[in-house]
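Take this structure first; my questions come after.
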Amino acid sequence: MSAYVLEQVFNGLILGSMYALVAIGFSMIYGIVRLINFAHGDIVMVGAFVTLALIAVPGLPFPLIALLVMAAGLILGVLIERAAFRPMRGAPQVTGFIASLAVSILMQNLGVLILTAQPRNFMLPEYLQTIFHLGPLTVRAIDLAILIASVVLMAVLVLMVKRTRLGIAMRATAENIDAARLMGININRVIMFAFAIGSSLAGMAGLMWGGKFGQIDPLLGFVPGLKAFVAAVIGGVGSIPGAMLGGYLLGLAEVLFVGLLPPIYSAYRDAFVFGTLILILLILPNGLLGRSVEERA
Amino acid sequence: MRARVMDRVWLPAALILSGALAVWVLRASLDDYLLSIFNFVGINIILAVSLNLTNGFTGLFSLGHPGFMAVGGYLTAILTFPAGRKAMLLPALPAWLAAQQWPLLPALLAGGLAASLTALVVGFPVLRLRGHYLAVATMGFLIIVQVLIINLESYTRGPLGLNGLPMLTNLWWVYLWVVAVIYVCWKIKHSSLGRTMLAVREDEMAAQCLGVNLARIRILALTLGAFFAGVAGGLWAHLVTAITPTSFSLIMAFNLVVMVVIGGSGSITGAILAASGLTLLTEVLRPLEENLEMYGINEVIMAVGLLAVLIFRPQGFFGSREPSLLSGRGRIRSNGRSGARE
Amino acid sequence: MLELDDIHVFLKRTYVLKGISLFVRRGEIVALIGANGAGKSTTLAAISGLRRPRQGRMVFRPEPGGPELDLTKAPAEEIVAAGLSHCPEGRQIFSQLTVKENLRIGAYLRRDQEAVGKDLDWVCRLFPVLAERLGQRAGTLSGGEQMMLAIGRALMSRPKLLLMDEPSLGLAPLIVEQIFEILARLNREGVTLLLVEQNAQLALELAQRAYVLETGRMTLTGTGKELAGNELVQRAYLGAV
């Protein structure tokens, strides 16, 4: 493979990692409350801006910043759940959808109001900007950091879901809420944790996004959020491995689409992504790895 | 008997005539800026009421309305554009099309029809989806339309859009179409078709068991709504005298949804009032946005308002009803039964 | 131990339970029989906190002479914690989880890990079939095995009162016999049982007392034998001519 293609694949993996982190959050939330959380993408945006603010504080080591950003995402996610999702429980699906859309638009416009729509530059600490040469590839440290951190976070998440008490409770709740309640599981807490964990991952994705692309603005969360949703659908909404798979597939497809096809087509990139979404919804509604999660026991 | 005829003819006729009178007075007394606000109110009424047909009556959740506006708006603009300039700016247009230059009304009709056709084509696959998946698919449609318009530059002039459109829209045209859309939707709502749509909204499975052809009803609702959206797009383009791909965005779709929800899905009166109110609110907030540089405050208020309504009064202000003054008497007497329960 | 007094329950807009009353004494087996749709499952759902009654009084006293739990207000999690376990209709095991995870989640609220491990062994002895399939996904089990898993899971919380909803549903007679034997055994070991059953004959044989529920109302009550001998019951539920 030529160096160019290799580079595209590498970029695709990085983009895919970020999509995967956000998609996992979508799927976790969807799996339990059966609602699409539109505001999820905007949590990414908040994560990016919080990172920017924290970087400006002198003396904060970057790993600590990363943790704080995840915490910020966590808190925001829980707030959103309390304010917008909990009151919608029991309402028809579409109502929850509109509500989360409203929260998303609220967040974006609050961002514009407070921060103005001007893109800001993202300043990474020196050591993350160093360049490495891996064979034919030229990569920055931040790229590698994104890949490694994503894989680590995903591994931790999978372990948590499979082994811990909370993880089993989440899986049970996702399958059958009433039966879970009969086990003594506190549904409200499980939902809160789902939002918390998913949102902390989204916050981290915001940090990564800023690091990768260098420029952030309050509207940055919207389209990537939608694309991460598409990734979750491709993998099968409600399935965490599906979200990861979907994220990487979408990231790779998007980058390769732009990188390998003649330049005329690259502007159609977004149309391509959403066309894929519609196709998947029509042909393979449960995605690649999902089961029919629509009907609950 | 006399009372019934009076109810069914007298009240609507009086409303239409007083509306016409109001239009005449407004045009004579207001300056251009204020007039344009009323024009926008009218256009938003057309949009909200037609969206109500799709979303409110039938329970389909479509965010694609601005996409239909774009189709209708662009076609109308292309048709009214002076022939000579057209050939220059849009080189890919077929010669017969480039040579056309139509007056407003036929152009609007063509735009509306084109939007309907788009709805038909898009509707067949997409309307098989349900609930929030349908919503997301319509959102995808919207984005795809935007991307296509931006990239098919030789047909649409891409991101630059078309400007210098003749300002053909005036309050009379807008009023005409407002009356048309209200008439059509009112008639539908109080007919068996309307009751079928409401039945589909309430319980699809039950409706199917009663023999309702779901697919047909849903496509009909979408297509009809799209027609008016297309017309509204044309009206809008000739009011603003310019049309660009970003004119018809997801934000607009969201604002329309806010109008339908706040007014009450399924209520025509609600849609009218909400559209008027929210358009005026946007105008009132505009100086805040531009002078105090508080950009985005308008959307913030819309979003908070929507959330508040969803939490505290999810059926909107009117629910699915019309004020009894306007509909109760007419309906009960006209067919003896108490009509569909709402 | 359990007392319901004039309970009215609405499911969405349907009036399902129209003022029912029943009680269960410690150590008893009480059966609730009736036709499909009479409201038996709704009764259990109301007791375990899944559905709230609109009106009426329900209390659970797990310890003799101890505190009462108001079942009309307590959340389902608290009810389970108090020692009331509901094995729902249709088994409703978590098919995506393994057999072992299903059993473990039955003990979700318990903190005494060692005792939980012992109870796991106990359940596996009670239902040897489950011991064989511990690592398998619960969805792959047969109907009878799933029923055993559901019971085992309900037992893992060491309940004082067990609500069983239609254990015989959809199962072969041989398996149903086994299950009922196990229920009798559990009762002898100290578990109080409230059994909802469509199979009136089996239920009346097992139970000391029974109630008959018809379209939301309690119509008859008595000992198992009394009801089995009752003509109306015989004609309606026992297939006599």
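Going in written order, the chains are labelled A, B and C, and every chain counts its residues from 1.
Everything below uses one rule, namely that a contact is a pair of C-beta atoms (placed from the backbone, for glycine too) under 8 Å apart; a residue touches a chain by one contact, two chains touch by 3 or more.
What you see is a predicted model, and the numbers here were worked out from it, not measured in a lab.
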item: Chain located farthest away, centre of chain A as origin (C-alpha); value: C
item: Most central chain, judged by mean C-alpha position against the global CA mean; value: A
item: Whole-Å gap separating chain A and chain B, where each centre is the average of the chain's CA atoms; value: 34
item: Chain B and chain C, separation of their C-alpha mean positions in angstrom; value: 55
item: Rounded Å distance, chain A centre to chain C centre (Cα mean); value: 42
item: Touch list for chain A against partner chain C, complex; value: 165, 168-169, 171-172, 175-176, 178-179, 181-186, 291, 297
item: Chain A residues touching chain B - in the complex, by the definition given at the top; value: 35-36, 83-84, 87-88, 91-99, 101-103, 105-106, 108-113, 116-117, 226, 229, 267-268, 270-271, 274-275, 277-278, 281-282, 285
item: Chain C residues touching chain A - in the complex, by the definition given at the top; value: 48-50, 75-77, 80-81, 85-86, 88, 90, 92-97, 101, 104-106, 108-109, 153-154, 157
item: Contact footprint of chain A on chain B as seen in their complex; value: 61, 125-126, 128-129, 131-133, 135-137, 139-141, 143-144, 147-148, 150-151, 251, 254, 257-258, 261, 293-300, 302-304, 306-307, 310-311, 314
